[in-house]
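The first chain written gets the first letter, and so on, giving A, B and C; residue counts start at 1 in each chain.
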Amino acid sequence: MAVFFVAPYANMLLISFLTPGSGQPYALPFTLANYARSVTDAFNWRVLWNTCWYAALTAAICLVLAYPLAYRLARARGRAKAALLVIVLSPLLLDVVIRSYGWMILLADNGLINQLLRKLGLHPVQLMYNAFGVVVGLTHVFLPFMVLSLLGSLETLNPDIELAARSLGARGWQAFWRVVWPLSLPGVFAGTVLVFVLAASSYVIPSLLGENAVLTMPLLIAQRVLTVFNWPSGAALAMFMSVFVLGLVGVYAVLMNRAMRGLR
Amino acid sequence: MTSTLALKSVTRRFGKVTAVDALSMELREGELLAVLGPSGCGKTTTLRLIAGFERPDGGEVYFGDRPVSALPPERRDIGMVFQNYALFPHLTVWQNVAFGLQMRHLPRVEVARRTAEILGRVQLGGMEDRYPRQLSGGQQQRTALARALVINPQILLLDEPLANLDAKLREEMRFFIRSLQRDLGITALYVTHDQAEAMVLADRILVMMHGVVQQLDAPEAVYRRPATAEVASFVGLSNFLPGEVATSGGGLLSVQTPHGALLCQGPDLPAGAPVQVMVRPESIRPAAAPESGNHLAGVVVERSFLGNLTDYRIEAAGATVLRVQVGGASAWSVGEHVALGFEPADAWGIPDHG
Amino acid sequence: MGRGSRWLGVAVGAVCVFLLLPIVVVILTAFNAGSYLRFPPQGFSLRWFVSFAHNSTFTSSFLFSLELAALATALAAVLGTLGALFAVRHAGRWANALRLLMVAPLELPAILTGVALLIFFYGIRLRTQGLMTLLIGHTLICIPFVFLAVSVVLTHFDTNLEEAARSLGADGWRTFLRVTLPLIKVGIVSGATLAFVSSFGEFPISLLLSGVQATPLPLQLFDYLRFSFDPTAAAVGTVNIALTVSVVLLTERWVGLESLYRGGRR
């Protein structure tokens, strides 16, 4: 079992680090040229920047949308809780391609939303094959992960804590902002990191809802590997992207740690 | 008497901690032996060594005259009741109890007969199809007992079986377990930290501390003639009056103390040996004037009425505070001078190594 | 409290609508007679399902995906459970390493895993683009789900239960079969459900490892959608949704939905 499992992974690391010079799929000698090319190419930086920007935006929107839901879910009991859970989990369980298709039906130039706009006598808007469509799709796909992460934090929170804050004279909003929100920060952290990483490495959504207008790192890597057949370059790009994303997460973790200092 | 179980200088270490240190003991056929000690004294480890969940680092465990250290638990023919009962949550009461019989590949008819019989014994008839979570604490406890007993094991091991019950039920269950064990004539080892439980249940008590046997004796002997000061303090309340042996012989000691010469029972000791005279609170009688036997003078500093007895703290010479308990109501008040008397037969001399 | 909770209710409702909207739209499109979903709908029809049934690329992809997901789930259930048993029951460096490894496929972007596997299979001369390579890839993706779900159950597992079984005369193997396995079944089943569902919908790994003769359904659908908006895709999607829902419902009947979310929680 160890052999079956470890081998591909060990090899993956190996190959990614080896990055031999260009040839048919790949060949000797060892070189750093692929890395050099990956890092110096301004185009790669722009794609990476786009990727991270969409992912961050998605994480932020997910947080805003998921919070009320997770909060409600943490306090729900019995049947209401089960029903909410089903709604949250169901998109998670469905094929991403199908969900993207659902959004295509809604957002297309002559999709449902634009039909509605026309009926109201308004100008149709381009909702798909641009950043907007991609971010909507990404948000939809990763929202459940955010809800579950937040739920983990909010559920362990003693509801009496909020009541205690109220008893001390805090208004509803104050009680939330001063007590509930800081205590839920670990969940916020876990959720945003998770969504950010998942969104940054998503393939289907940017490709279906972005088509040619939006290019992200995963698309670029797949293109290098599948279409251009330049495996070393693809592997180098993959490493480049992983390191960069991990670095961003690291910086974020340091910042969050500072905010959460009181919680440990 | 034949011994059913014997431990010969069994040692078990966890890292640097020696949980059980060269422990030797024997269990006689049909007796219930209580292993009593504070938490962390090694009593549960001893039980697990006997059950086979732990392997000794040294020494040997014998069932009869057969060494069993190499045998896995399932081949030792033991029945075990766990502190948290460890009932299989996915099986009904009936299935839980029948489990051990099925593992022994007994014919279906016999499994059914014996399961029904034991369930009747522990008054769980009619509960066969319930799951453990549908039972009260007491019922779960009896299910665990039935499951361990039905296989008719050579030795029944009980690990704090009553610790999770409320006080009233715990007391009832003591007598229940006691009579069940006697009726079935089963040999049992009972681990507990509750001295009252050990007193009620056991034929003999093994007091264990720091992985070492302190004393192995009948309950009354453990109470009246503790081997060490630690045993005396752990089993019931006690007063200690330190002094030196003046004369000794014939099981009687004369001890020189700051309170004067005191007579007590005890082992023969050389003159001048340091010794602690132990007296139980209920053996001391407060009186207006000294009576026969040992006596010392004191002042009442605290009095609490507990219903069935009155509890005093009385200060004697050298700022020694004695606990004294008198049956029913008693009317000495705080600040009063009293003479405290006790019989030499109620006092016990313990060699003082500290 | 009153006004605040009303706003909360509205917000929750809106998010729920957002979550369900695309799924509902797909189902409506599938049953709609026209080739586009319009307001008002153009009447009920099963023609797109018929079109799906007659489209042999779709049906064979569908069956292939089912087979792939079932095999990968079965493999992952065994390996994930064994891994969890080892990782939870043992302390030390090996157990920690195993724990990291078992969840790694979930943490690392699937597209990277796909690239790595593609290069690896080429390197070891394993015929790429077949059931075998896809199966290995999908099993890797499935293992973390089972591993996590079983680990959660095992950490709350009372080892006294196994000792009780041993004291009653059950040997190690029978203790596992009669006591341990039934009690961790909840974790295995809920983990396997998530594994099946994610294998069935897995895209990036399949993209890199599949070939002409073996195309899983999501990939087929993806290719189709790049060229046409035909509601046949909606019918395929609806069948997919029905399948997923029935798998989840089966799990619910068996071990309860709550366990699915607890076990599957990261």
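Keep in mind that, in the parts below, contacts are C-beta pairs under 8 Å (C-beta built on N, C-alpha and C of every residue); 3 or more make two chains touch, one makes a residue touch a chain.
Not measured: the values here are computed from a predicted model.
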item: Chain contact graph, described as a line, ring, star, complete graph or other shape; value: line
item: Most central chain, judged by mean C-alpha position against the global CA mean; value: C
item: Distance between the centres, which are taken as Cα means, of chain B and chain A, whole angstrom; value: 61
item: Chain centre separation in whole Å, for chain C relative to chain A (CA means); value: 18
item: Centre-to-centre distance between chain C and chain B (centres being mean Cα positions), rounded to whole Å; value: 56
item: Touching two or more other chains - residue numbers and ranges from chain C; value: none
item: In the complex with chain C, residue positions of chain B that touch it; value: 51-53, 72-80, 82, 84, 86-90, 99-100, 103-104, 147-148, 151, 157
item: List of chain C residues in touch with chain B within their complex; value: 158, 160-161, 163-172, 174-175, 178-179, 182-183
item: Residues of chain C defined as touching chain A within the complex; value: 1, 4, 8-9, 11-12, 15-16, 18-26, 29, 36-39, 79, 82-83, 101-102, 104, 107-113, 115-120, 122-123, 136, 140, 143, 194, 197, 200-201, 203-204, 207-208, 217-218, 221-222, 225-226, 229, 233-234, 236-237, 240-241, 244-245, 248, 257-258, 260-261, 265-266
item: Complex interface listing, chain A residues touching chain C; value: 1, 4-9, 11-13, 15-16, 25-26, 65-66, 68-69, 71-72, 82, 84-91, 93-106, 108, 110, 112, 115-116, 119, 140, 143-145, 148-149, 152, 172-173, 190, 194, 197, 200-201, 203-204, 207-208, 218, 221-222, 225-226, 231, 234-235, 238, 242
